[in-house]
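All remarks here apply to the structure that follows.
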């Protein structure tokens, strides 16, 4: 950490800053420049990071040197983590192909969609039983009945299933039925919920919040990791942008950026990032070309009656075509779509 | 609601759209233009708002006409709501002056700060017992002990108290100790939490999320209102911006905008909006001049040892000076700072 | 165009709106809904688009139906345009590979870099002679000497050259030396400059401004097209974002979006979009996978002494490796990198 | 300036960095921490600022200490500058009240609007003769005829006039007719134009670009100052935001922020910042309360026939009411609206 002092800082103020640093168990290295004085803090920056040094009179700026996350950093784990979702591998060359409807709906439809996406190459089935909806008057999901149905569909087609949890009181039941727990974008900084899913050992699909920097995303992953759950998969799903032409602004550069900072895999979700079926295939391919460890796509066989997010769903046949291209692209980059497990736990 | 159809839409597609609208209990009014055909939907838009009409083949765009919130709208309640926080009024010409440290810390300090801000004119005391922190390694708050201390301080100085809740499991205990419950920016779309605070009757201070539009904010208020709790005070505290010079981008125009859309009061929080003590007073005054129904300021008597957000706290004497100017400004605009209640419930 | 009226609009106000529409030579189609009245405007929306109908008392909202650009629209030209830059084709399956240093610098270096990128597969050479620099104290480019040198390098290696123009008074001289004229992001809405390059017949590389929507970008293209110059190539180079980890926010979804709206080709510039050499290759590949018609990359053989933008340059060997992967990707998608012309005009 | 090196940097790389710094005439001060090595650069940072040190192998980050602008900084001029616009003062306690229509239109209307705003308290009259319009098909302004008319109106009512220049070739003619030259938001980084207006001695109204940080704005001011023209007035007029409810996002915190960084005055333009007449008065008052040195408002007596920006114009009577409140607010803060000059130069 470097502490930059204000012009005109007094010697007493400098001494006070140094004193505070030493009280906290670190050493201070003073350097007087032509215009400004700086103090290099020597020792474990993590012991001092949360201290309000910036509030000491005479301090102009604090420049941290180390990243604020530890377990998520490459220093802690230099090789890419490979997350195992009941037999399906994500990361280190293995791609997740997550597909399914936004919400869990009626039984027949679930079976139909699941069979279709599995045949197209999807290896994890998705569906929401607890839906975070902007409007209190919108469909809020089937709850535990939805979880049971999702589990049954996963078992029938041999696919692990992922579903969102929005309430700490439901973490246990979701962890019981699902192979992977999703934390949605709106809950990325719901630290209570992150802590609870960190206490399960279920793999977690952590979606980036709409106004979260990549550092914020990694700090949220750190919450989960710090509870003892190392199975975190990150997901880029678009940040807030100013162009109303797309639902969000798909930050594909976050994919290689994340790979320079952490060992955790990152997948892309062009369905939520763009909100437009006509742009989803191109953006999915862009994500894979950028090095994503998987692709998350919403698929529905009759979007005009979908209980949620119908307007952004791909049709099963559109998904089939896209999945075929992703497979070709993966091969070109020396990666493979992780095969379905023999049997789901 | 208006449905705009694509160029080249077929008659069958048009019929299908009309059919869907009629199935949902509304009427369709077709209008063929020179280049495009549009359908006016006649009847209660709210019955159709959540339907995925956009996913019907041939539909280019959906233009809603009514706002998606009802109870929060001026139609539901044309006069400004005045929220009563244990005797302190907010809205309709009465200003809230909320002040106090970011976190509840040690007893002596709490009493000292509370006495000072009360003497300066604050009418609600704040302090966090459950802190949502970006880092799992940062101070997370004193929990229930913090709540008790906050209550004791409020009682001693005759000030209602406000504190944040971050966990649905703590709503009950927070509602027991606090006069007003805060929902922080990161939880603005934690719909489960909104629903729970809506079930209490405690006034709620609802902070705007960093990527929330004003409509999003009002939809979150609607969650609380729809559970039967009409006591919601909105708070502008900065949205995500691109200039690193300030912590967030203070959207002061949201204040008059909110007043054109809803009866609920809105206060401003320049402490979080700017993160810089040198900008807070000017931004607080700007908020009042823009018509805000109150001002929320973090105050600490020794920011360099504060347990959280020290670098953005005002000193008690800075707060005194600011409060005096706010009082003058309020008078100029024909408003008044709500006096302290005789006795807090 | 649809005119949505306010609740409580009077009959006189409605009549006045209709009168204004008819004065402008269009017809009005009134539709009274349960809550609101709307007016469909029938006739050529373009005749009315710039009129301030929104300012008429009683009007709540104006919903345009047609895009505000004409010549740039797919209606005007349903097939993708193929732009010919002195023999190199861009669009319709042919990829531009634009590479070179940020600024034109000394002669030896220019020859060295040009030879290297040509051998790697670049088909257009770039270099700035007039540099738009944030600081008045930074290197501003070699001016006409830079243009001459760029021309000489292009001639030697048989590569068309592209360079930026920043001053209307230099359009003529730039058009004389260069095969393609670049309009930089900061000048995307310098309408005077757009008009002047529209009067030349030189192909124009039009970069998207940092706060421009895709519609804004197409309106700027329309300025050039409306002057009689149909040779416009768009370029996505990042928009303003909130995460300081990258220089800009690379909006790769703009590539397929542009293809749904216009016949003009669009290339990507991951050098400026990310500002980080470690992210450029992944983002370049993402752009091609998303359907971009070319890739623009800054290359320098000794970035630490570059006159501008050194920190974001790829080394020649990094470019070679990237170009090889782009070639493979292009083949997979049935596209090809346009070969160098036999002789440059 | 501080150079932070990468973990694992070699001794050779460190030596090379130090060598480069010394070659540039500065001294290097090495400091080895527990995890990272940093180099403090001692000497005039301005001599090294534009060098691509970041591109040297082993360098992780460059932390500048001094602001990149000199003449605009408070170091260069610690007291607030007071800009004199043909007798009207801006800054240092004197407020500019700039008002008038977006475009110069027909003669009668100009006289009518000017008389009205002057009587309400405006001290500078505005009107555009050269309009930067998003669409090539929109009204582009009356050109030199507009300038002449604007001058005549200013002379008649004894008001200095301000008008925008968009073309370097028109700087001379605009400087001849106008008392103050406006650089619009879209041209804030048109460095060629900044340089030309810097060569005149006319006061310049420099509007902040929609994606410009405050540092960017000050760098653009530096262009003008560095040409010998010290008469620059900054203007906050909204930056790009994500909420479609307002045209732009009004960054009122930029007002006090600018005052901590520069001696130049800053005014606010809530007309462009919000684009909504119903929000303009509140936002104007907020700007004054935040310490703005003036207010810029668009006024039109018949917005529904205005040649440009009609929907955001205030009516003359609305302006009168607003100006009266601004006067009261100014008094409260110990400022005054600069009186009209006896005679305009």
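To keep things simple, chains are lettered A, B, C and D as they appear, and every chain counts its residues starting from 1.
Keep in mind that, in the parts below, a residue touches a chain if its C-beta (ideal position, glycine included) is under 8 Å from a C-beta of that chain, and two chains touch if they have at least 3 such contacts.
These figures come from a predicted structure and were not determined experimentally.
Chemist: For copies subunit B and subunit C, work out whether under half or over half of the interface numbers are shared, and give different or same accordingly.
Modeler: Mostly the same residues.
Chemist: Sort the other chains by how far their Cα centres are from that of subunit A and give me the top one.
Modeler: Chain centre farthest from subunit A's centre: D.
Chemist: If you average the CA atoms of subunit B and of subunit C, how many Å lie between those two points?
Modeler: Centre separation, subunit B to subunit C: 40 Å.
Chemist: Could you grab the centroid distance between subunit A and subunit B? Build each centroid from C-alpha atoms only and quote it in angstrom.
Modeler: For subunit A versus subunit B, the centre distance works out to 27 Å.
Chemist: Could you work out how far the Cα centre of subunit A sits from that of subunit C, in whole Å?
Modeler: Comparing mean C-alpha positions, subunit C is 32 Å from subunit A.
Chemist: Subunit D: which residues touch two or more other chains?
Modeler: Expected reply: 211, 239-242, 244.
Chemist: Mind pulling up the subunit B residues that touch subunit D in the complex?
Modeler: Residues 211, 213-215, 239, 241-246, 249-253, 255-257, 260, 270, 273-274, 276, 278-279, 282-283, 285-291, 328-329, 332.
Chemist: Sort out for me which residues of subunit A touch subunit B in the complex.
Modeler: Per the stated touch rule, the residues are 20, 46, 49-50, 52-57, 68, 132-139, 166-169, 186-187, 189-192, 195, 209-211, 216, 219, 222-223, 226, 239-240, 303-306, 309-311, 313.
Chemist: Can you check the complex and tell me which residues of subunit B touch subunit C?
Modeler: 2, 4, 7, 29, 31, 33-36, 38, 40-45, 63, 65-66, 240-242, 244
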